[in-house]
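First, the structure itself, so that you have it in front of you.
As written, the chain order gives the labels A, B, C, D, E and F, with residue 1 at the start of each chain.
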Amino acid sequence: MKPVKRIEIVVDSVELNRLVEILEQSQLKGYTVIKDVLGRGGHGLRDGGDLTDVLTNVYVLVACNEDQVQPVIDGVRPLLKRFGGICLVSDAQWVIH
Amino acid sequence: MKPVKRIEIVVDSVELNRLVEILEQSQLKGYTVIKDVLGRGGHGLRDGGDLTDVLTNVYVLVACNEDQVQPVIDGVRPLLKRFGGICLVSDAQWVIH
Amino acid sequence: MKPVKRIEIVVDSVELNRLVEILEQSQLKGYTVIKDVLGRGGHGLRDGGDLTDVLTNVYVLVACNEDQVQPVIDGVRPLLKRFGGICLVSDAQWVIH
Amino acid sequence: MDIDTILSNALNPPVLFFFLGVAAVLLKSDLEIPQPLPKLFSLYLLLVIGFKGGMELHHGGFNTQVLLTFIAAITAAIAVPVASFFILRIKLDVYNAAAIAASYGSVSAVTFVTATSLLQQLAVPYDGYMVAALALMESPAIVAGVLLVRLYANKQEKGIDWPEVLREAFLNGSVVLLVGSLLIGLVASDSAEKSLQPFTQGIFYGVLTFFLLDMGLLAARRIKDLTKTGPFLIGFGILAPLVNAVIAILIAKLIGMGEGNALLFAVLCASASYIAVPAAMRLSVPEANPSLYVSMALAITFPFNIIFGIPLYLQLIRIIGV
Amino acid sequence: MDIDTILSNALNPPVLFFFLGVAAVLLKSDLEIPQPLPKLFSLYLLLVIGFKGGMELHHGGFNTQVLLTFIAAITAAIAVPVASFFILRIKLDVYNAAAIAASYGSVSAVTFVTATSLLQQLAVPYDGYMVAALALMESPAIVAGVLLVRLYANKQEKGIDWPEVLREAFLNGSVVLLVGSLLIGLVASDSAEKSLQPFTQGIFYGVLTFFLLDMGLLAARRIKDLTKTGPFLIGFGILAPLVNAVIAILIAKLIGMGEGNALLFAVLCASASYIAVPAAMRLSVPEANPSLYVSMALAITFPFNIIFGIPLYLQLIRIIGV
Amino acid sequence: MDIDTILSNALNPPVLFFFLGVAAVLLKSDLEIPQPLPKLFSLYLLLVIGFKGGMELHHGGFNTQVLLTFIAAITAAIAVPVASFFILRIKLDVYNAAAIAASYGSVSAVTFVTATSLLQQLAVPYDGYMVAALALMESPAIVAGVLLVRLYANKQEKGIDWPEVLREAFLNGSVVLLVGSLLIGLVASDSAEKSLQPFTQGIFYGVLTFFLLDMGLLAARRIKDLTKTGPFLIGFGILAPLVNAVIAILIAKLIGMGEGNALLFAVLCASASYIAVPAAMRLSVPEANPSLYVSMALAITFPFNIIFGIPLYLQLIRIIGV
C-alpha cells in the first residue's frame, strides 16, 4: 500500500467538461465521476428535478500523489470561485495491484 | 486549506426528508446527496430493483467544522437507531475559494 | 464513536457480482454500492454512454474493523489486476447507534 | 375445474411474458429492465385505468348498485387487514403481521388490469366504477396496519404522526394519480377521448405486456427472499387470496354484481399491494422487514393471481351463478 | 371576455393533468416522475413538432408571407430581451436581469404545442412554417443576454468565449433536434410519413398529456423558490407575456397572418424558455441565479400561458379581427 | 451501381435521424438521450422483432428451406469469427483479435430491423424464420472467441469457467428476450396479435427512428476512439462486412433463398454486435480493449451497413439474380 491523497470535488454538472480539462492539464489521467448528484450550498438548493442538468451536480474523486495535489487545487480554485462547488482533500492508502 | 470534518451518512431513501431536516436544524446549509444507492447491512439486501424506493438508500456527504459534528451526530443517532443506516466521520482539508 | 477503516473500490460494473462474492467471503455483510459511475484510468475512458454496462463502473464503500482490511485487500487484488480498477483505504470514526 | 380457462388465460401474451421474465432470472440471464422504466410503466397504467374508469363512469352514472359496491369495497379494505393480522399473529411479531396484513388489505392495480384485459378478450362487460372501487381499497388498509401496531405493540412508541400516516395512506403517488385521472376522465369531452384513444387504448395491451415481462423479472428476484419467509407465510400468500376471493364472490352474489364486476371485486380482495403499502409501511412501521411483505405480495400472491387466481375466480363465479 | 374559451381550454386533458401535477405537490404527495422520463417526453415533442412542421413546409412552400413572419420572429427574439432587460434593471442586477430577459426573449416548445393542440380541437388551420419561426426564436435571445452582460456589467470580465456562447445559443440540444427534424420532415417521402403517423400523430396527444402532468409537478416544485423572487418579478412573469402577446398580435395583424399563425406567433413571444436558455445561462452568465429565471419561466409564465394566456390571446385576435 | 437505391435508403427517416445524431456530436451540441432510454429502445425492438418473427413462423411452418437457412446461419456464425481471427492476428494480439472476431461473427438486431423496414417499403417479402436465424447467430461467435483465446493465448490461464461463458453466450439478455418473444409469438392467438398490433406494428417505425437518432449519437461518440484503432482496423470494419455479405449472398443463391431472405442473411453476416458480444467479452476476455471492438462495431460497421451496405447488398442480390 502507498500513501496517496484523495481529492473530492462537487461542482455544477454544467462545469464537468471544464473540470475534466483541468484534471487532464495537471497530468491526472485517473479520476472517477458520479453524475446526477443533488445538494445544497451557497448557491441554493440543487434538487435536480428539472428538464435540464441546470440544477444537478457532479461528484469527482481523484486519487493522486501528494505532489500532484497543489496543481489541481490551483487549477480548480478559479472554477469554484466562478461557478461554486467544494473541494476536499484527505489521506488514504492506495492498494498496489 | 482549512481542516474540516467529513460526515458520510447512508440511510434508507424513504428517510431522506427527515435526514435533511435534521441537518438544517443543526444549521448545516451545505450537503451533497447521491440517490439510488444500493447496499447491504443489518436490515438485509437493498438491491433497489423494485417499483418503489423501498429497497434503495441515499448517500449524504457533509463537510463541516469540528464543532458542528456533535450536534449532527446527536440528531442523526435516533434516526439510525429506528430506520438503520450508517454514519462515518473522517478528517479532510477544505480548499478555500 | 469507534475507529474503523473505510475501503473504497471502483471497478468495472461487469465485475460487481464477483466483487460482492469476495466481500461476503471475507465475512463482510455490510457494504454500500453506487452504480452507473463513470471515470478514466489505465484502461481508458469509461463514459458510460452505451447500450450495455460495458463502459461504466461501480463504486463500493465498505466500513469495517482494522483486522478485516487485509483479507478484503488480498481477495480484491487479483480482481483489480485482471479487470482493472482501484482500491483505497482510509481512516474514519463509526457512529455507534 | 375447467382447465382450459386457466390455459387460455396463461396463453395470453402478458402472462407469457411474465413467465419469460421469471425464466430469465431462474436461468441467471443478465436480462434487466433498468430503473426508472418499471415506474414509467406503472405510472402509465395507473393514468390509463383511472382515465378510462372516469370516462365510463361519466357515461354510466350513479345508482344503489354502485353505492353497494363501494360500501362492500371499503368494508373489505378494513376487514381483510384486521382478519389477516390475527391469523399472522400466530407466527409473527406485531410489526411484520401488521405490515403484511396492510399489504393484503390493499390492492394491486396491475392484477386488476390483467383481469380487465381477460374480460375484454372473453367479451364479458364490466363497469367503470370498479376503478373507483380500486381507488377506495388502496388506502384504508394502511391506516388499519398502523392502528393495529399502535394497539398491540407493547413498547410505548411516542404517539403516531397522524398527518404523516394519513398523507402516506390517502395521498401517496398511486392514489393521487389514479383518483386524479378518474376525475379528469369524468369531465373529459368525447373529442378529447377520441384524440387520446391511440394512447389509452391502442398501445395499452402492448405496454401491459412489456410491464409484465418486467414484473416477471422483479417477482423472480424476490423468490430468493422467500427462503427466509418460511412455509407458513408462503401458505398464507396462496390461501389468503383464495379465501378473500371466495368471500368477495359471495358478497358480490349477495348485492347482485354482474359477472365482470364480481371478478374484479374478487381480484381486488385477493390481490396484495407492492407499491403503495410498502412505501407507507417503511415510513410508519420501520420495524417491519420489507423483504418479507414485498416478496410475499410480489413473488407469491401476484404470480398466483395472474396465472391461477383470475381464471379460477371466474370459474367460481360461473359455478355459483352470479 | 368570453369565459367559455378559457373554460373549454382548461377542460382539455393536458391542462387538467397539469393541474393534477400541481395539486399533487401542494398536497405533499410523493407522486414523482423520475429522471430521465421528463427528458424523454421533451425530446419526443421536439422531434415530432419539428418533423410535422417540416412535412407541412414541404407541402406549403415559400412566399413573402413566410418571409415576413420569419423577419417578425427574429426581430421579436431580439427586441423582447433588450426591452425586458431594461425593465428588469429597475430592480435587478445586470446578471439576473440579462438571464431573465434571455429566457423571455426565447420560447417554450411545450407552450407552442399546447396551443397547436387547441387550434386542432377548434379546427383552426395554421401553417407548418410556424415551427420554423419557433426554431428561429430559440437562440437570438441567448446571444442578446450575453451581450447585455458584456456591455453593462462593470467588472472587466476576461473576454467572452464567443465560440462557446454561439454553440450554446445555436447548437444546443433543443435547437439541433428541432431544426434537424424539420429538415428531415422536409425531405421525407409520403410513404415514410404514413408509416410514422401512429408515432407522430397517434400517441402525440397522450404523450403531451402525460408530459403536462410532469410539467405540473416540476412547476409546483419551483413555486417555493418564488418566495425569494418577490412581487416585482412575479408581476413581470405575468405582465411580460401579456404585453409581448399584444404587441405580437398587432404585428401579426400588420403583416396579415391568419388566425392560427397569429395565435402561435403571440404564444412564441409570450412564452419563456426553461430548457435551452437556462443551460446556456449557467455556462455564460454563472453569476445569475438559476432558481430565479427557471422558477419564473416554469412556475409563473408557463402555467399562466397554458391556462389563461392561450385562450385569451385567441380571444384578442378575434376581437382585433386578424 | 444503381445510386438511387442507396439514395432512397438514405432518405428514409431512420437513416436521416442517424445522420442527425452524428451531426449533433460533430457540431459539439449538448443533444443527449440519457440512460436508460437507449436500453428501453433496444429492449422494445428485440421484443417486437422476436414476437413478429414468431407469429410469422406460426403461419409459415417448417420445411427443408428453413432447415438449410438455419444450417447456413450457424456455419456462418462459426466460420466468420474463425476467419476474422486469423486475419486480425496479422496486426493484433490474441485477445483483441478474438474479441473483434467474436463481434463480427455475431449480429446487430438494429441493422437487421433497418433492413426489414427497407424491404417493407420496397414491398419485398421475407420470411419470419429469418428472425430465428438472427437468434441462432447471436451466440456461437462468443464461444468461438473464448475458444480461440484458450487455444492461442500463451499464458496458462487457469481453466475457462465454461458455465459462465455458455451463460454469457446463450443466456444473455438479448438472446433470452429475442428467443422468448419468438416462442411467445409462435403460441399467441390471432386476437392477441390484433390487440398487440398498435404496439408491435403501429409505433414500431417511429421508435426505430427515435432509436437511430440515439445510435447516431452513440456511434459518433465512438469515432474519437477510432484514432487509436488505426487504418488496418478501420479497413477491416468496412471490408469484413462486404466480404461476408458477398459470401452470404453466394450461399443464399446456392440454397435458393428468396430476395428478401437473402438480403437479411447477408445483413446478418455483414453486421457486428455491440450489445451482446461486448458484455460477454468484458467478462471472459477482459484483456481485450472494449473501446476497440465497440467503436469498430458501432462507429464503422453499423453506419456503413445502414447507409451503404443494405442497399448495396440488395443491388448485388438482384445482379447475381437470386
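The definition used in the following text is that a contact is a pair of C-beta atoms (placed from the backbone, for glycine too) under 8 Å apart; a residue touches a chain by one contact, two chains touch by 3 or more.
Predicted model, so just to flag it, every value in this text is computed and none were measured.
Number of steps on the shortest path from subunit B to subunit F, with steps defined by chain touch: 2.
Listing every chain that touches subunit B and subunit C alike gives A.
The geometric centre of subunit B is 39 Å away from that of subunit E, both derived from CA atoms.
Rounded to a whole number, the gap between the C-alpha centres of subunit A and subunit D is 46 angstrom. Distance between subunit B and subunit D, defined via averaged C-alpha coordinates, is recorded as 34 Å. Of all residues in subunit B, those touching 2 or more other chains are 34, 36, 90-91, listed in ascending order. Subunit E has residues 32, 35-36, 39, 198, 202-203, 279 in contact with two or more other chains.
By the contact rule set out at the top, the touching chain pairs are A-B, A-C, A-E, B-C, B-D, C-F, D-E, D-F, E-F. For subunit C in complex with subunit B, the residues that touch the partner chain are 1, 4, 6, 29-35, 61, 63, 90-95, 97.
Interface residues of subunit D facing subunit E in the complex, by the touch rule stated above, are 35-36, 39-40, 43-44, 47, 51, 167, 171-173, 175-177, 180-181, 184, 187-189, 191-192, 195-196, 198-200, 202-203, 279. Residue ranges on subunit E touching subunit D, taken from their complex, read 11-13, 16-17, 20, 23-24, 27-37, 121, 198, 202-203, 205-207, 209-210, 213. The part of subunit E that touches subunit A in the complex is made up of residues 32, 35, 38-39, 42, 217-218, 221, 274-275, 278-279, 282-283, 286, 289-291, 294. Listing the residues of subunit B that touch subunit C in their complex gives 8, 10, 34, 36-42, 57, 59, 73, 76-77, 80-81, 86-91.
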